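Next come two complexes, and both contain chain A; in the first it sits with chain B, in the second with chain C.
== the complex of A and B ==
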């Protein structure tokens, strides 16, 4: 890793700028964009907070205010919305659980929230008991993102027994394609994001036996393009967020060495705004907190110096998942 | 919060720009506040709420809660009579925080169809005397009091009104979908509307909507050939159209409902997409998903299945001759070759080492046939090297198929000898240094 210290300034990780950028996100209430993205607020807190933990600045957002905000998004039925007044949905419920896991605050859910049992029930009720997959909310849209979210949150709360794991695993198998990858639903094209959700769900329940690791590893490694960045599907453009979706998949099948580490480091670091902080999808574009997190998780998975280690299955720091689930090694 | 492809600009604003932002924020938050206050009172049948959702969704179609509010408005207002009970549990957020929930069919509801752009307030509401403004119980009495003919007329008027409400909703989302083709919530809302059609309209009328939806989907796929939302949605529509609940459309009354497969036409659709753009892996993927079903439905015999493999290989090879750098083509080629080289592929169901069974395109190919196939492909691929000696995917395929050939077993010889394979591997390592770790692993396994 010594050679990284010799990289030009723009290829050093601008840690301080990124911390400031994330801290500034909630003070942008005079920007129209802040209000247009309210439907992502709770996800945004998770993205920002996880990024800060990776940057080893876990205290950079106030813990109490974070818990207050998370709980203000909870509904009577246990589910969480994106912000107060927004409907409950799997995507936000998972973010809420992840945030509380990250800051070790499950007890607050019991003290001041609706309790873990209600959250678990909200999630479990979204399982389609016939096919095993999960809906996002009461309106019934189903895809593997929600299945993964359910496994992620329930396992962190120790409540996986509320759902039919075997059926869900069968459903994931039905989403597999000839190229070794997985799609959003049975029949859908392989996509790196869905490969992450399917592999991580299988990892959580220790059911990786059906994964065609060599075939999938080949497909995932072919995502790296000459500029070092990764794309999400064949013949598409690179994007920093795939640094996470592709790389975490490779990590779960122990093949991160099938792509070029330094080339990806270079690509992610070129996407930084070194002055004002944040990481963008491609060099020179607008930064956002989502790409900031997934740039950092990519760097972390490949062992970039000075970053906390990320868990490829949960997208939480390993220190967090080890505290909650015990060491898997 | 997730920007894609937007150039980084100087993030500081002039005072004028700041003021403009503040004005826009004021308007947006105003709209949102008004909606929230309606929602707190569970005022879903108020046409004003419906109109507010139109305004805010045009500003921000990612605001998923508002799509849900709009669904509740439809169920509680414009469509409440025929949809009553269908989504009753969802007529107010099941998640509501200390909200007094009104019944979905609030008797005080004003002319419900005024809530949608399709039915201007000036046109008489077809359901004034027993539409959504009436509880099911009242409706029952009304019907009993009326002459039977009148009830039938009412029914027709209701269907016509519901049809126009659904049509207006679909129209409303089109410009949004065109501007935000990757917004999950818009696609989700359209699929909700389509399912609603099935629930409240006669089969023929509902089917017309699904048919039109397939045309819209094709349009979306000409705008972005790889949009995975549009491809998924396409499979959803096709499977709905194929389902037994849908009649032929030409005959509403008493027709027998034979499910009509669309495999042939969808297979042809993938071809038309590939012709436009060989790199469209989404189309190749869909082709791979349709192949087995197509052969089953054609009742293809062994010769027909062999011919199918030949034709498909020919098709993809034509592409490779002009674009050997295209991963899409190689993946489809690999798909076909997997069906030829599959280990132990002598019976209809081949069981791999994972214990799962895989259905094959041509399950009864003899070992000699299979060898011939691989030999021919390997020879063709080697020919590519004459023009494209530096294309790494060619070496990758050669190695892959040479190994698969070995695994087929009982060979007089190999498709390639060890030296040839090691030479290809060396070339791969040289041409594709990004994946050197993978080539190193492969080298280890080849030496074993």
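== the complex of A and C ==
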């Protein structure tokens, strides 16, 4: 890591500013944007909290209030909505489970919430038993994001046996494309985000045998552009969030060294607001919590000093997944 | 005591009248009440109060005060006739006024506070009168509202108006007038009491709905704060959703909320439920949806909604091929409008595939997709999404492909002339932009589908790569060609040449992926040793 010490000041990680930025998100209730993003609130808490854990400041958000908020989003059917009064949906249910995993609070779910069993049932009921796919909610929209979310949350709760894993794996295989990537549905264009969800789902159930790692790794490493940043599809602009989607994929097939590490460090660090904190999609743009998390996870995957290690499969600190799942190594 | 002006001339009298007038205007409500109170009691009582007690009054005034006190009706009742007579005699002798009114001594805060927390007793009389007038208006408007509500109730029950002998009926004018009254009421309430009435509480059409305000745990980590209009709409949404109401007004409500926050997924789902229950014509909804989609290009709920609409309505047109074609064409026209804004929009492409499958828009159909996709690739040969759609179109066509054949495996059912055609197509596009990775990937994909070797296109690839390894004459017009050439060598077992290509890629032609090229070289060596 010697060469990193030689980076100019503006290319050092502004840890303190980032912590303050994330803490400030909850005190912006008078701002227009705050209520406009209400449908993402539970995701937002997960993004912010995970970023704080990576920055080694897990106590920067109050644990009790976090648990209260998460549980207030739960419905009778076990699922979680984005905020109180919002419909239950797979995406928020996964965030809720991840948050509770992160702060070691599954016992609170049993004591004060509807319990793990109800959450597991909510998720399992969203599987289409004929095709193996998962819907996001009762309305039936199905894609690989929901499949991954289901595997992620169920495995953290130790309840994967509630679903038909084999059928789900077959569906993921059908989403593989001629260029080595994976799409949202069979036939849909390869996209880094979908590649992450497909690979991570296969990793969780230990079914990576169908992955053409070299072909996929090649496609993923082709996502790096001369400025060091990564894009999500060919001929698209670079964006910090792909530091996570692309790199986590490469990490799951052990090929992060196929891209230029220092060039990506430089790109992510140039996207920081070093004064007010936060990371944006490209240098000079407005920061947000989503890009802040995925900038940090990118740095973590490449071993940036001072950051906690991220698990490329769960997008949670490795310390968390090891505590819950035991060491896989 | 007011100054004595009775000795002045006419002029002085005028100016004093003017002065008094000004005093009335600038006098506060409390001051006026205080002045009125003073007029109802004798001057020595006021003096006693101001000086702080009886002891400060002159002997005559003390006597007058005692008389005044004792002549109060309640006190008089305790005296005998004789004593009363004595008292009145003394009153006469003292020769002081005995004024007595029925009003209580005013208190400065007895009028309460206004919406800004200002004491209304401190208002000037003029301000106060304006306030009273507004309150009067509000009362009248409320009365009109009550009569509107009664009329609506009678009309709903079909009652007869005994004064006219006709059945009660609510006219458009009545509703219009009531809406206007509500607006005026809202303005008055806001002005007087700072109470806000949003667009729903002022709309008679929503009178029967009791809004459900947001409930949240106190001091929650992510407490939710809304601007008022949004909060009001949401509270009505919660109410109608809880009542499972599906009606034109609910449809309008969802439209309003979506215009404020199109990413709110719950409201979209509820809108779709309304459409199902009300059987809204597909094209009406599509027309509205098009406008929203163009306003919010990145929104994904819009496309999910469109897909639900397609699923819901397809059975009604499936029987008529003409209608299917017409719908396919109009959907494509709108998709192209979206692509004019962003030709790589993932949600739109996903919808396009869904549409293609559902309506059978394959390459050989009359309403097929191939021409449109060729047009898009001609417009931007680097549009990877268009390439991906072409692959789907060609290799998922149910007329000749194996059902559910994966994109990564050979499909022996695809005719050879189609494979040839696609190889030629990719090569023609590579010629236009040799460093464009999309047609190179496409070419490889086609070869796999056709079960052909990479080496079958070696001559073509070599057009872009010359004299590899020769420092002076080496020419590479496309790093993708060099990479493919390496794979062709590897396939043919020519390891040295493959290794040289990878070496040159890492050294010069694709340096950012040095790690990848070095790994390729190492694994080849490991495999051969």
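As a working rule, the second predicted complex is superposed on the first by the 329 of 329 C-alpha atoms of A that agree within 3 Å, B and C clash if a C-alpha of one lies under 4 Å from a C-alpha of the other, contacts with A are read in each partner's own complex, and residues count from 1 in each chain.
We take it that a residue touches a chain if its C-beta (ideal position, glycine included) is under 8 Å from a C-beta of that chain, and two chains touch if they have at least 3 such contacts.
Predicted model, so just to flag it, every value in this text is computed and none were measured.
With chain A as the common reference for superposition, the partners chain B and chain C occupy clashing space. In the superposition on chain A, contact of A:197 is made with neither chain B nor chain C. Legend: residue contacts after superposition of the two complexes on their common chain; A:66 is shown touching chain C, with no touch to chain B. When both complexes are overlaid on chain A, the residue A:133 reaches neither chain B nor chain C. By the touch criterion defined above, A:93 reaches neither chain B nor chain C. Contacts of A:187 after superposition: both chain B and chain C are touched.
Once chain A of one complex is fitted onto chain A of the other, the partner contacts of A:177 extend to both chain B and chain C.
In the superposition on chain A, contact is made by A:45 with chain C only, not with chain B. When both complexes are overlaid on chain A, the residue A:76 reaches chain B alone and has no touch with chain C. In the superposed model, A:292 makes contact with neither chain B nor chain C.
Stretch 459-467 is the one among 45-53, 81-89, 153-161 or 459-467 where chain C clashes with chain B after the superposition on chain A.
Residue overlap on chain A between its contacts with chain B in one complex and with chain C in the other: 30, 32, 35-40, 44, 81-82, 85-87, 89, 137, 139, 141, 173, 177-179, 183-185, 187-191, 212, 217-218, 221-222, 224, 226, 233-236, 255, 257-260, 263.
Of all residues in chain C, those touching chain A in their complex are 214-217, 219-227, 230, 234, 238, 261, 263-266, 269, 272, 304, 307-308, 344, 346, 349-350, 353-354, 382-385, 388-389, 391-392, 396, 404, 406-408, 436-438, 441-442, 444-446, 448-449, 512-516, 519.
The touching residues of chain A, counted against chain C in their complex, run 26, 29-30, 32, 34-41, 44-45, 61-62, 65-66, 68-69, 72, 81-87, 89, 137, 139, 141, 173-174, 176-180, 183-191, 212, 217-219, 221-222, 224-226, 233-236, 255, 257-260, 263.
Touching chain A in their complex are the following residues of chain B: 1-9, 11, 18, 21-22, 24-25, 28-29, 32, 36, 39, 59-60, 62-65, 68, 71, 89-90, 93-98, 184, 188, 191-192, 226, 228, 231-232, 235, 279, 281-282, 285-286, 288-289, 326-328, 331, 334-335, 338, 354, 356, 433-438, 441.
On chain A, the positions that touch chain B within their shared complex are 30-33, 35-40, 43-44, 75-77, 79, 81-82, 85-89, 137-139, 141, 173, 177-179, 183-185, 187-191, 209-210, 212, 217-218, 221-222, 224, 226, 228, 233-236, 239, 241, 255, 257-260, 263, 273, 276, 280-282, 284-291.
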